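Both complexes below contain subunit A, partnered by subunit B and then by subunit C.
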Partner chain A sequence: MLAAGAHISKEKDLNAHIEAFVAQIKRRQIQGSYNVALATSQLLLRVLSAARWTHIDQLVTQIKVLGKRLQSAQPRELACGNIIRRVLALIREESEDTNDSESGDGAINSPLITSMFSLLSTNDEYGPNPHSQSLYDGTGRSIKKDLKPYIIEGIQELIDELRSIDESIASMGVEMIHENETILTPTPNSRTVLKFLLRTAQKRKFTVLVVEVFPNDVEKTHEFALKLAEAGIETTVITDAMVYSIMGRVGKVILGTHAVLANGGLLASAGAAMICQCANVHRTPVVVCTGLYKLSPMYPFDIESLIEVGDTGKVLEFEDGSLVDKVNVVNPLYDYVPPESVDLCITNMGGYSPNFMYRLVIDHYRQEDTTL
Partner chain B sequence: MTLSETTPLKLPPDSVASNGFDIVATYRRFLREDPDMTMPVAAIESLVVLLSQTEPTTASELMDILAKAVAELKKGVKNSISLSAGCDMFQRFVLRNIQEYGDWEACRRHLVKNGGLFLDRAKASRYRIAELGLPFIQDDDTILIHSHSRAVTELLLLAARHHIRFRVFVTESRPTAEGLSSAKTLRDNGIPVRVIVDGAVGWAIQKVDKVFVGAEGVAESGGIINRVGTYQIAVLAKDSNKPLYVVAESHKFVRLFPLSPFDLPNESPAANTFTTEQEDDEIQSSPLLDFTSDNLITALITDIGVLTSSGVSEELIKMWYD
Partner chain C sequence: MGPKKGGQAGGNKTKVGKQTAQQNAAPEETDQEERLQAIVLSDSYQTRFQPLTLETPRCLLPLCNTPLLEYTFEFLALAGVSEVIVVCCAHADQIQEYIANSRWSNFSSPFTIETVLSPESVSVGDAMRDLDAKGLITSDFLLVSGDIVCNVPFDKVLTDHRQRRAKDKNAIMTMVLREASPFHRTRARAESAIFVLDEQTNQCVHYEEIKTRKHMKQISLDPEIFNKHTDLAIRNDFIDCHIDICSPDVPALFTENFDYNHIRKDFVHGILTSDLLGKTIFAHIVTDNYAARVRSLQTYDAVSKDVISRWTYPITPDSNLLADQTFQYQRGHIYKEDGIVLARSCRINSCTVVGAGTAVDDGTVITGSVIGRRCKIGKNVSIRSAYIWDDVTIEDDAIIESAIIANGAVIGASSHVAPGAIVSYNVKIDSNIIVDGNKRLTKYLGEENKNVDTDAVGEDGDGYVYEDASEAEEDDDYEEIVNSSGLVYNMASLNASDTSFSTVSADQPHRKSRRRRISTASNNTVASEDSDEDSFLREAQASVERAVAENHDLDIAALELSTLRMAKNAQFHEVRAATIAALIGRISHLINSNTLKARAAVESVLNRWGPLFRRQVFDQADQIDFLLLIQRDCTRRMQGSSILLHAINCLYDQDILDEEAILKWWYQDPQRKEDADMVKVGELVPRWLQWLTTAEEESDSE
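Presenting the complex of A and B:
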């Protein structure tokens, strides 16, 4: 009786926690893909510690339902869905591993080699598998008991990965930036890019041009430039309008991004697409620094629905009342950068061409989880 | 999806010849009797029928029989690119099973027993493609399709069933005029269609939001071999910055690396000669296929996922070199 009561209060506790998280992302109290990813994985850790299930499908459904709820709370914060899909893939993988080792014939049970062959192969190729039935009855209990610590361990690894992402990306800086090179960065709000530049500055001497990105990131630009200058990097802040004229002198454009889509396209802060186009015209390489948690299995089916529109007051202040009445003011926060504009994506797994991103998607997510 | 119950293949009645087995005739009959069957699958099914009628005594005899039949089939059918994808995959599958498990007799039994299953799966894969491709179609889209492709049609019909409202430009696609049959199918299912002649694609392209084409074969580079006219549509789409999606089953991936349409096997040679004489049946000898290179293709929608063109070579390498 007492134990049951404790369980109920625990569940209530968890529900309140989820509720609070949903409210926080709705109100943008948790913002930025890194913070959202971290918070989501920590929430999932709690959910899984409290979760009870008799069959793995139940757990998957539970997580999917939760995922749907979180995603609809803030559909443009793709990192949240990405983490949930990563965890789902983890759960499926762990359960399949257990099944294989329990039944002892994983080699034959697993579909033969490649997906192209899936037209011809069947799982019961050489007689029915005597063990396949046992997974769902007696042994089900023992699988469940085994699985939980593994999944929790997996999520903890994911959190560790998130925390060390900037480090592993920054360590590639020395290969990317040459001595005396001029770098242009249009995303001063990116922690990853900041660390990347600061770390590389320890070994290389280079110039950074920071684009102001009016109106959303002006203050951040100044902070960003200050940090670089303090680290001894020669830093110049330029206005957005100057980008094209100065591009001829730039060696590389390095940008951070909000999300990477499955086709290698980016959702980066507004203005990035234009700057990438300028870079393309001058044949200046465009390098993107991104953690894998930003990689979404989505395709840009409908670009407009992915782009968030922000505070118009930043473009036209309310004091300009006479103008406000007469013009439409829009302030999109993101830009869609097509994959053709990007030359290289540096992730914590290494550097990849944007048209390889679909492969990373297949490696890290399960196709059945693409729609939560 | 578990399709554990076995579905033996229904044999076309007179393919069971007493002495010689005519693989080309069997192949043709399969295609004729089931308009939904693709060429690679028909080739696979013909090979299954062959296996069911032969009693090889060794593994190498089995492979030899298959190799001969494949050669005969490729020689006997004029347009053999697509079917060679099926043949290659089939041979490779048998070979790998023999190498992996050593039990070639069991492999033969498995293939013969499940002949009908492959066909069902191939059809199911077309439905799976449609499901994967569904989000690519949105309300108020104007779509351009070329010629007749079962995979594309399936996708558009699924979208219509999901109450997505879109319009379709269909090219007539000379000289086969297969576009007309696409147009009819779509109109029968309530999709508004406008048929245009192939030459009008450039006129229409500005109004088009996206282009969908099928493929007869998908080459290793990720480029496609398809009904003639696809290349020029792809060039126009690229020029006006419209996405071009290829909708094709993964069993159409073929180990070819053409650089131009002239690298394709047995394409009508007459089209490449010039004459001062007036010819009556000139149009008939015009080429039926062309090659669209991978840089013109936005993405391939296949049953193994939405791939960029580099994904094709990866799948092929996995199959042949792993």
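Presenting the complex of A and C:
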């Protein structure tokens, strides 16, 4: 009786957490890919440690239902869906691993497409476990106890990966930026780019041009420039209109992004598409710094449905009554940058061509989870 | 009745819990610092949204398919409020039921929510006094009405306020003001004000309501202001949506000053012009985010447009505030829910919201409008800037422009609803009818029995034209007079041309701003042995008699009465009884001393003092009670029957009594002929009634 009561209160508690997460993400109290990814994975950790299941499919359905709910709270924060799919893939993998090790025909059940990553990594980590029950044991009952710690451990690793992602990307900076090179960056709200530049500045001397992406990130641009300048990097803030004229002198364009789509296209701050086009014309390389949690298995069939439209008040002063009444203002927060405009994506797993992104998608997500 | 009772019980229970919490929290100052209470006044104490608000409270009217109250709660959640107290007055049961079923009373809600009934309050002042009496307020609190839309991040406002409070205990209030040009669409035309602010500290040193009708050309400032403050800004470019952070002193001050009703006109103005109190009020000026209040039909229109065009981001339709909403954003500020059936040839133009389950047929064009759920819209219909709520049926070839069509209404084929019209709940309009822009149609009957107005809604229609009864019924004259006819809304929709401006503010008679008075000395005369009721009757009667004898100002007499009422916690019934006793006594005295004939005596007294009853008699039940009291009183007088007759006639002329109440009193109320005296005193009335009915028939046949 007592245990049942405790269970109910626990479930209630969990539900409250989920509700609060949904409300916060709707209110944009959790905003930005990194924060959303971190919050989602922490929520999932909580859900999984409380979850009870008799069959692994049950767990998968549970998580899928939850995922759908979280995703629909703010469909344009793709990172939320990405993390859920990552966790789903993790669960499936764990269950299959256990299954394989028992039935011994892992070769058949393992994914037909093995990418080059799996060539390098070994599966020994969660390999055969003599104490684990098989997925279908003699009584027909399925396992539940053994998988849970592995899944939780997997999510913990995911969180650790999220936390260290900027570091691992930043460590590649030295290979990317030459001495005395001029770098242009139009995404000053990106933590990844900031760390990338700061870390590289310890070894290299270079100049950064920060584009003031009006209207949404103007203040952040100035903070960003200040931080760079404090670290001893020669920093200039330029307006959006100057990009074309200055592009001839730029060595590389370094972008942060909100999301990377399966075709290698990006959703980056509004204005980025134009700057990338401009870089293409000047044959200036465009480099994107992104953590893998931003990689989404979605294809940009309907670009509009992926682009968030923000606060109109940033574009036009609300005080101006006569204008407010007469004009229709739209303030998209993101731009879709087609994969052709991007030369290289630097992820925490190394640098890849945007054309190769679909392989990373296959490695990290399961096809059956693409639609939650 | 059921939910109401339940709610009350619940409210009491939580109150008990709160009191203990209060005791616990009292020693820890720091704990109080972090908790923020919010008082939501769910009633607006206005009638501008009638006839819509006859059936639904204003805060539950849908704005872009979401009840207004949701926007307020969303703002409070953003502001980090931890405890919300909703003060309910009109339609309290509906509000309580809504809150009980909403996600805000869920365990995952960011704040605890509690509803408090204050059924007798007729103004913000009354509600505040009620709150003070209940002792619910423990620390600085946020005072908002239930109809605001706001996305201002509140931590800065709050820290500023707390710093000021820490420095000076007298800084009792911070008003949040949004900058906006004087003719901004989101500003309520009828209510604008001049704020005189200290440029450095943002202290508000003077507040003056703009009386547009009187073409106010000057305001007077106390010269001392210039001695105290070096830089003054006199500004008229704010949207004042009545979001205030108040200290617990504020409700106490309301209690001290019985005549404060309006939070700005009376309270702020009063505090600032008073030398005695030494309290200060500050303004927090917001330049970046959005803050507005739906206070009239015109602002309903404007705020809807603002929400649709995402000035209120992230509070937009596609953030789906209600759990069952599924809005998605499309280019050009079009929001569609799942499960909409759109014919191939219909056109949904920009700035439109369409709710789930709605079907739009061929050739229909919808521009800049909000369509609710489960609406059926026929072929070749044209809808422009209209607000159509749930379950509305619009038949083929109808035209709807800038109107509000409430739930369940039916608009017949080829009908035309002109800009500014309001079609209230379940009204049915026949085919080929033109609904004029100033018409408000309703089906809500209340206590009245009106026939279907076939001129307005057609042969097969259902509903009648709503007449703005606010002038006759509304007690709170100075609050209410702002004309709530379709005009304002009309102007708003025509607002595209700036030239129409000068006429916008017409029709807004304002009461002279009343000077604040400290409560009168009459409290001192309380004879404590008496039961409160008796002593109240005696004192109130004496007070009115004194006022009549010494020919006081009407305002003063009213104020004295309300002071007494508050002090003794008396009902309006007793106030009426006392006033009637005093006035009829006076009339009878005039007659008996042969100064005047009955008719002249009644007229001289009631024409002068009749308006007192305006603040005592509110609805039909009150009127009937009032009539019975007069009748009862007249039985004691000589020539009672003719006093009664003339009094009724006189009060009817003054619109204090309406004919339905009189007829009901005469024909239906059993108490009227309780005993022989009562019957006898009423012997002259039938003749007058006959006159009344014939007069009405004549006016009808015109």
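Here are a few things to note about the model shown:
Please note the rule applied: the second predicted complex is superposed on the first by the 335 of 372 C-alpha atoms of A that agree within 3 Å, B and C clash if a C-alpha of one lies under 4 Å from a C-alpha of the other, contacts with A are read in each partner's own complex, and residues count from 1 in each chain.
Simple rule for what comes next: a contact is a pair of C-beta atoms (placed from the backbone, for glycine too) under 8 Å apart; a residue touches a chain by one contact, two chains touch by 3 or more.
Remember, it's a predicted structure, so these values are computed and weren't measured experimentally.
When both complexes are overlaid on chain A, the residue A:T54 reaches neither subunit B nor subunit C.
When the shared chain is aligned, subunit C comes close enough to touch A:N15, but subunit B does not. Judged by the touch definition given at the top, the superposed model places A:D311 against subunit C, while subunit B stays out of reach.
Residue contacts after overlaying the shared chain place A:Y358 against subunit B, while subunit C stays out of touching range.
Contact with subunit C, but none with subunit B, is seen for A:E319 once the two complexes are overlaid on the shared chain. When both complexes are overlaid on chain A, the residue A:R28 reaches subunit C alone and has no touch with subunit B. In the superposition on chain A, A:Q367 makes contact with subunit B only, while subunit C stays out of contact range. Contacts of A:V329 after superposition on the shared chain: subunit C is touched, whereas subunit B is not.
For subunit A, the partner with contacts to more residues, out of subunit B and subunit C, is C.
No residue of subunit A touches both subunit B in one complex and subunit C in the other. Contact residues on subunit C toward subunit A in their complex (touch as defined above): 74, 77-78, 103, 106-108, 110, 178-187, 237, 287-290, 306, 309-311, 313-314, 319-321, 326, 328-333, 350-351, 495-496, 498. Chain contact summary for the complex, subunit B toward subunit A: residues 2-4, 44, 89-90, 93, 96-97, 100-101, 103, 106, 110-111, 114, 117-118, 121-122, 125, 135-136, 138, 250-251, 253, 298-299, 304-311, 314-316, 318-319, 322. Touching subunit C in their complex are the following residues of subunit A: 12, 15-20, 23, 26-29, 72-75, 304-305, 309-313, 318-322, 324-326, 328-331. In the complex of the two chains, the subunit A residues touching subunit B come out as 112-126, 262-264, 299, 301-302, 355-356, 358-359, 362, 367.
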